[in-house]
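I'd like to ask some things about the structure below.
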């Protein structure tokens, strides 16, 4: 399940084209499909939804997110499973 | 639709001369035509409108925005579509 | 009108010796004539006026502004035109 | 017990595949298994639990955490032992 | 009056041994004689006065100010002239 | 007593394996034995205690602290002595 | 009195082994003898006193202060002299 994660960016690489939860400073949350990332953790999400209290606040589609404001990125398939 | 996005900056490149939504720290929002960007995510927008609660707060025309304050940049044509 | 803007700094270069609106973090606003800038977006303005609610709060004449605190710089001639 | 810690990153290296407590700016706390880290202190945790008042707030599974927001990382086996 | 300002630091160079107004983040203001500066905009002021509401709050004499906290530096001779 | 401190990091080097008080941004305080540090002032403490109002709030044992959040580090043996 | 200050760090060099006032972000103030500094403005103070409203709040003796949090450093002998 977590094979092949030698460096932090390996997780992002494994999550390409998969749905991820992105949590930003200021408690903004986005869910979307991870299309691309770079070493600054700038990312591009597709089908991005801004979430609030587990509900979709707004759809912002294809989006470029600056790494600077990101707290964590979590592949959605692993979330909320105890 | 999202072909050719290998790196995050590819989305900005694809969005040149198109309308984008730019969300800044402190919840400022701008809509304008993306004319230029650099690796610091400094950008130039034309026909820039500062938005508040989905209404135009003021027109600031041609504008240089420092990348440092940007949270996300989203091509407008993909926004608000579920 | 926006010809020749290949990179963000081109707009600053085109705005030299022209009046610009500078918006800082913390919602400070300045209007002045752009005399110089560098890659850190440090700028020098002449005839600088600190604005508040569209009124001149104080005149601070010739001023060095650190790029670090700048959110956007907009040539005044394009501002407030719908 | 603390042999072999010449440089700060040695502790992270010793904590690989072990449970760690991660405390972020803004008083967010996570517990999870440390899978990977880099020199920016970006880390990957598995079985990540967001904690609040010593209780599990939510499970976020496999997670990439940006080093920028981290205050401290403590191997859980050494915590809460006087 | 503003001849010879090609780059932002030229203004600081022209202001050496002259009185300047320095405005810091958090709305601290200092007035003093600019003795030295570097590319980080670290500066040394002599006869430094911390100002509050246009009054001298305290005299702190010779002072090293870190560039990091500076918003703007304005030669006093040009200030407050409409 | 303070012989041999030519550069700031010399004090940290002299404090290795000794108890230090570490004060973080946001007024967090830790006391622990300094095991390691690097040029980013990332440090590792052993027997770390989080302090609040001069009382132990919690024991977090062996801990990696990111330099970024540190305000000051003081060898405990010199503290509270007028 | 201020001879020989060509660059900002010259003032710190001249202040070695002398008492300085150090003002930090968040309005913390320290008084102590400057033993060492580096280009990041990390400093070591001896006989450090944390001040509050011009009174000694606590003695923290020998201390390493990270440059990142410093606003200004002023040699005490020049302070409070109009």
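Which chain is which? They are A, B, C, D, E, F and G, in the order written, and residues in each are numbered from 1.
As a working rule, contacts are C-beta pairs under 8 Å (C-beta built on N, C-alpha and C of every residue); 3 or more make two chains touch, one makes a residue touch a chain.
If you're wondering where the values come from, they're calculated on a predicted model, not measured in any experiment.
With contact taken as defined at the outset, there is no chain that touches chain C as well as chain F. Path length between chain A and chain E in the touching-chain graph (shortest route): 3.
Once the centre of each chain is set as its mean CA position, chain C and chain E turn out to be 19 Å apart. The distance from the centre of chain A to the centre of chain G, with each centre set as the mean of the Cα atoms, comes to 44 Å. Looking at chain G, residues 68 sit in touch with two or more other chains.
Tracing the ring of inter-chain contacts outward from chain E, first into chain G, gives the chain sequence E, G, F, D, A, B, C. Within the complex formed with chain A, the residues of chain D that make contact are 24, 26, 28, 35-38, 42-44, 46, 48, 58-66, 68-69.
Across the complex, chain B meets chain A through its residues 1-2, 5-12, 21, 25, 41, 67-68, 70-75, 77-82.
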